[in-house]
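Attaching a single structure in structure tokens format; questions to follow.
Chain lettering (A, B, C, D, E and F) follows the sequence in which the chains are written, and residue indices restart at 1 in each chain.
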Amino acid sequence: MLLLTALVAVLAWPTLAQNDTNTADPPDTAEVVEGEAAELAEAAEDVVIDPAVEDMVLDVKFMIDNLWILLAGCMVFLMHPGFACVESGLTRSKNTVNILFKNTMIVCIGLMTYAICGFNLMYPGFDEVVGIAGVLDIGAVSGFITVAGDQASQDANLTKAYADYTWYADFFFQAMFAATAATIVSGAVAGRIKLSSFLIFSAVFVGLCYPILGSWKWGEGWLHTRGFYDFAGSTLVHSVGGWGALVIAFLLGPRIGKYVNGKAKAIPGHSMPLAAVGVFLLWFGWFGFNGGSVLSADAALVSLVMVTTAMAAAAGGFTAAMVSWVMDKKPDLSMALNGILGGLVGITAGADQMAVWEAVVIGVVAGVIVYFAVIGIDRFLKIDDPVGAISVHLVCGIWGTLAVGIFGAMAGVSQFFTQLLGVVAYAIPTVIFCFAVGYILKATIGLRVEEVEEQQGLDIGEHGMEAYSGFQTFSNV
Amino acid sequence: MKLLIAYIQPEKLNAVKQALYEKSIFKMSVTTALGCGQQKGFHEHYRGTEIEVNLLKKTRIEIALNDEFVQPTVDAICSAARTGSIGDGKIFIITLDECIRIRTGETNGDAIG
Amino acid sequence: MLLLTALVAVLAWPTLAQNDTNTADPPDTAEVVEGEAAELAEAAEDVVIDPAVEDMVLDVKFMIDNLWILLAGCMVFLMHPGFACVESGLTRSKNTVNILFKNTMIVCIGLMTYAICGFNLMYPGFDEVVGIAGVLDIGAVSGFITVAGDQASQDANLTKAYADYTWYADFFFQAMFAATAATIVSGAVAGRIKLSSFLIFSAVFVGLCYPILGSWKWGEGWLHTRGFYDFAGSTLVHSVGGWGALVIAFLLGPRIGKYVNGKAKAIPGHSMPLAAVGVFLLWFGWFGFNGGSVLSADAALVSLVMVTTAMAAAAGGFTAAMVSWVMDKKPDLSMALNGILGGLVGITAGADQMAVWEAVVIGVVAGVIVYFAVIGIDRFLKIDDPVGAISVHLVCGIWGTLAVGIFGAMAGVSQFFTQLLGVVAYAIPTVIFCFAVGYILKATIGLRVEEVEEQQGLDIGEHGMEAYSGFQTFSNV
Amino acid sequence: MLLLTALVAVLAWPTLAQNDTNTADPPDTAEVVEGEAAELAEAAEDVVIDPAVEDMVLDVKFMIDNLWILLAGCMVFLMHPGFACVESGLTRSKNTVNILFKNTMIVCIGLMTYAICGFNLMYPGFDEVVGIAGVLDIGAVSGFITVAGDQASQDANLTKAYADYTWYADFFFQAMFAATAATIVSGAVAGRIKLSSFLIFSAVFVGLCYPILGSWKWGEGWLHTRGFYDFAGSTLVHSVGGWGALVIAFLLGPRIGKYVNGKAKAIPGHSMPLAAVGVFLLWFGWFGFNGGSVLSADAALVSLVMVTTAMAAAAGGFTAAMVSWVMDKKPDLSMALNGILGGLVGITAGADQMAVWEAVVIGVVAGVIVYFAVIGIDRFLKIDDPVGAISVHLVCGIWGTLAVGIFGAMAGVSQFFTQLLGVVAYAIPTVIFCFAVGYILKATIGLRVEEVEEQQGLDIGEHGMEAYSGFQTFSNV
Amino acid sequence: MKLLIAYIQPEKLNAVKQALYEKSIFKMSVTTALGCGQQKGFHEHYRGTEIEVNLLKKTRIEIALNDEFVQPTVDAICSAARTGSIGDGKIFIITLDECIRIRTGETNGDAIG
Amino acid sequence: MKLLIAYIQPEKLNAVKQALYEKSIFKMSVTTALGCGQQKGFHEHYRGTEIEVNLLKKTRIEIALNDEFVQPTVDAICSAARTGSIGDGKIFIITLDECIRIRTGETNGDAIG
């Protein structure tokens, strides 16, 4: 408990240093491009409109905005099976049940921890949480799950008094988001991590690390004040998840057989259809991830964001495929898939800031980056990342964040350095947090399964069952 | 009686089956195998990393034969499965002591065909 | 034909006894929590708003409501591949084509029978259908498929004159729902039922049993009048399907090899990735299933329902995983997946009535129930249910229905007994109907395939093809 | 380049002959059934409504319409994994990586070429593109990708000044559509086409052939003027893709082993679950494909289109299953799946014109047609189409187009012949174009892989990897 | 010592295992195979086209035995796997020269059981 | 010439391959098998029901050898595959009458390596 408080305190340094009063308002990303809402409001100012009529129209607008946030949340939800498919497809069949189990549990645990503390940690501003004594004020933190069912609180939480969407819709969307951060880690540590350790790590990662760090920007914290921009989470979600992946994969060490005499060996995934379907589900979910981050159904912004998201992904996939074709003589499907994801991660930070061609350029660069990052991490860092999670989420996440300072409506030298500051500001505490948690787990219940269990596969070892009962498979080729 | 075990390239299975039919050899059992032989494997890339594939897909055929059928069978397999390049496969022949047809309990020469 | 009429008469007893005049109005679930629509109406009453303006705004609101119902219908549609994946994943590979075929046909047949008679049986009130002579009035029943294409009827059916949504949208959503009831049966009888018998059973189940019973509550029938509450179908869809599963699985007997010397043996499913993807699709579809049952895009209700649905599922999945971890030493993925489904079924009856924590509690209880129900049915009832359909849909369906009397805005002793009444009222006719149909099929064309066909697998026997051509599989381990 | 210009000139004949000035307006399909928008407008005419209020309401309506187009685009996007699953499921496991790679690249390349030239070729009218000199005016063509990011152009492209939806949303929806045309070809040529040739073909097909031909109808070109009707693309998308499939499959010749002594042999697909999931994804996507083609969220039209789409698919699937049951003694799952797709293709041309029963009839006929078309093409034309793409998309596409003249609100002899004209008018240039491109590719880099590569599988040959590493499979049974 | 190879119908594996257990034969190795025999295959349809399935799924059992166990084993397999219809399978017996248990290095008679 | 059949734990395949390479045995054929032996299987749970897994995954290696290679091969396999716990596997050796290389038609000693 003490340790936990210490960890939380580490995460809290900039906030404490700054002593800002962050408001509890929901974030507003529609700052740059003028949206419908603004237009409506303007129109309302020009002529005198009967307030009753205006209210009626705004009620209908509220219905749409709210519906879109919920639908976007549902689309983000589909990213979880997407991750499950990609991760199990790109690893061996003997670990499939384990990966599916982890991914299923992440959604369940993620939703629950986010309801218990994550949501309130992230959005009411962090300073309300760490009180004078520096300890957690459970009451303020655990707001969502204990919300009363009575009429009065329903009125406040379920009407447009809260925002363009209800408080519940906000939770729904943000909770679906939150769990993705932990899922990113899952892929990088596949095939060797102890199930219980992973689940504990995920719970604290989603429940504490992600929301506290998230509050710095989306909770209108100190980085928000400094002008750092991250539209839908290249840094807040993907880099944070990617740092976690890097640290835990490093602590775990590579899978047996990955490095023979210091040379990296390929360990092919067992099902390319699963991997491909997973990437398509992720791409689909990303339309909700980015599109929903507009936080309203504003026609202009959502349209723009959808198009930039689609184009960056297409450019990333195409580029990575071509690069692998040139470099390895034959085009690698898994690289093309990683390229799509790289493009998506890359556009995420500035999806509402880019012209079409800029989105394409961001995707192209991401496609190139992913290819070399995968190889670099594999061969030179010698960190074993079976699915390329670090390259996709961390490296492209950084690229996407910086790209906001290079391309698009906000481009500029000072913005570039603000973005760089954001990247670093998120890197340091995440790495410290993950090292600490990882180290504690390693020292106590252990991070890694036994060697023989790893060789037989975690499906038998951790779950006592096979993913493909009845199929004749070579589990060790 | 002999038991003949042949490893061939998977894509030659249909041709071999055809050739055996023509020699009136209708019975056989087939499994898949991974083979390691003179054909040292090839180097491929997976996610940019070289991967040495030294266990190649092969098809294993097992045929029990009366002695007089051995030579025609070997000839048929060799002619149908040969491409002339490394990896064409091998035929192994061992002595079969007994053969029983489960359905009838017939044994040996009667059971084999 | 006579028999059918008799069956229908059995189903009709309470209606006939009661002589109620049920109105043809679409159901209104928004009775408890005040929704947007009500607010709009109120606002309209307070001040005098130009009726032309009001109409214009209501037209736009109608567009949203209608769009949401259609989208929700599309999401429910995805539950069908979800069921197909879960059911084929949790059974052996030799029956996969058969299961996929059944699930594909259920959608096709379900949509058609529902258009031919189901929809009109369910919604105009049952008393209009069974006329004085007690025979089916085909004209009244077959309303949907024979709807004229001319302008006049289009106007009535495609405008807001009908409801918050068009008559067509209503059909679309309800028809997607209807087919799920038959799909539930499909899982429990997998691996041994004769294809033709199953298809006939499904057709009468979706075309007669489900809509007639459904009309008791959602068609504003006698149970509706008594105050029975079932928001989105814990009883009307899931228990009804679950009773069907129980009866037919009982009539069929267990698969060969399931019980050896009276001891239950496990017959592992052949593809855990399929099963997991299926559950995620079901979960996604459930957001449409429950969210669409609000029957409007009302921001407050839909938000609330989405959150309770998500939380109950998460709690159910987590709990079932933990229970199986404790009981069997190792966490069972298939139990976790069943737990998610159990939580979803459990929340379905009262998704709009629960606070967040109540949804979590309902999910937790469902997770525990599922585990023990699966084992109980397997070991003590000795009914062979390969995918756990009875435990998930019937047992958790009953739990969810009763939970409305225990938790949430309607909780109370009298409500609890009303809910119990509902459970029983649905159990009796469904069991009788399924027994009758099952028995007739058994006596005529036969319910079960030949032993040798079952051992070789239904894919070869019923369809003459393999699901995984070219893969070396053990079909009998 | 010269050749390309010649090709483009071929495609342009009717336009040049006609010298029409096609307007740049987006297409309007809501011509027959009166929609909400019209009603709104009428209401506005009857009484004097404050224009400020009206504008406010129309802004909200614009939000819904736009959101629906974007959501529909996302749903269409899911058709791509759908195609990927169907095509890989119905072919052998040794070609799976190749098929997945092709389908992934088609989305990427399709989105990019459509942004570079397709979108502007299709919608501003073709005559603006081919200038006096008969050469391509790159400036006019490449409008979308080079769209400026500045405020002024954003205003024009992101507000309701453009249509019921933004220009970006229009692109998003149309681009997702466009790529499907190339995907159709992919299935028919699976297992033998050279990867590079296929990618080049796809790029010119999506970038030139599809949009130029599409402009004849949807770009308000000469066929539009003649009264040809194709609601969502039975001809414009499916027949065009189907002709491409026919021509390229013919040029390629059958797979080795498909015809032995002139007799067609079956080459079973390797994964029926993949195929079934793919069809469900396609069906789901089709709700967006047809529903979105309403080009607004109009309650009446979208509801009607959803219902007709669902019913035709159900009828098609059921019928094809029954036909195969009768003809081959056992019901064939892959035929049932093809039947569903056939029904969907069939209803696409007139989804907004049909009564429910007419949709069912169209589906039934499509189901019968698919069965006999598959067999006819296989046995008599001796064109090897592994997934039935020609039967589904070309044959049912023609059926659906003609059905608009037989059933529904537009039925009539003269309409029938107009439809026939449309079918022929699309057939000729597509066949010429595909022959030309196919022939050039054959003469230069070659269309087909080496024999030994084909036998080992394209996964090893083209990509150097396996789809199911570790599984023991027979690749040549 | 003998090495016995049996091809049986896949659905008979459990029955055969049971029968062998009763004869105290606990050790065996099982693989799947495709078999071509008197049971000429069957004609099926895939997408309307006839498909001649002449490689049928079989289960291959391999058992190493001391000589005195051979007859009981053959009997057990025959009785458990026999249905009387074509395709029941075959048993092949060959001489086993040597048998080594990897764990202990024991050989022959000691190692076999 | 001898034909050696070894059943080993799947996770030992790489080690065995390595050990054989060191003894200059480059050729072999590998299949997967399910094995039943002294390692009686283990009890697992699937959906709460105990499941007795008595057919365990094994890897089957087949190597044709000239006689002088037999002992080194046996030694290599034993040392690489041994863990000392039940289930390590068995080696069976039978006499090989003939060996033919399909590519060249070479026979016996020449063909084997």
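Just so it is clear, contacts are C-beta pairs under 8 Å (C-beta built on N, C-alpha and C of every residue); 3 or more make two chains touch, one makes a residue touch a chain.
Because the structure is a prediction, the values reported are computed rather than measured.
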item	value
Count of contact steps on the shortest path from chain B to chain C	2
Between C-E and C-F, the pair joined by more C-beta contacts	C-F
CA centroid of chain D to CA centroid of chain F, Å	53
Rounded Å distance between chain E and chain F, as computed from the means of their C-alpha atoms	18
Gap in Å, rounded to a whole number, between the CA centres of chain D and chain C	34
Touching two or more other chains - residue numbers and ranges from chain D	50, 53, 57, 60, 64, 71, 268, 271, 277, 328-330, 332, 334, 464-465, 468, 471-475, 477
Numbers and ranges of chain F residues touching at least 2 other chains	30-32, 34, 44-46, 55, 94-95
Chain pairs that touch, as defined at the top of this document	A-B, A-C, A-D, A-F, B-D, B-E, B-F, C-D, C-E, C-F, D-E, E-F
Contact footprint of chain A on chain F as seen in their complex	10-11, 13-14, 30, 32, 44-46, 57, 59
In the complex, chain B residues that touch chain A	34, 44-51, 55
Chain F-touching residues of chain A, taken from the complex the two chains share	257, 452, 455-456, 464-465, 472-477
Residues of chain A that touch chain D when the two form their complex	33, 36, 39-40, 43-44, 46-47, 49-50, 53-54, 57, 60-61, 64, 68, 71, 75, 92-93, 268-273, 276-277, 279-281, 283-284, 287-288, 291, 297-304, 306-307, 310-311, 313-315, 317-318, 321, 328-334, 336-337, 340, 354-358, 360, 408-409, 468, 471-475, 477
Sites on chain F touched by chain E in the complex	2, 5-8, 31-38, 40, 55, 58, 60, 74, 77-78, 81-95
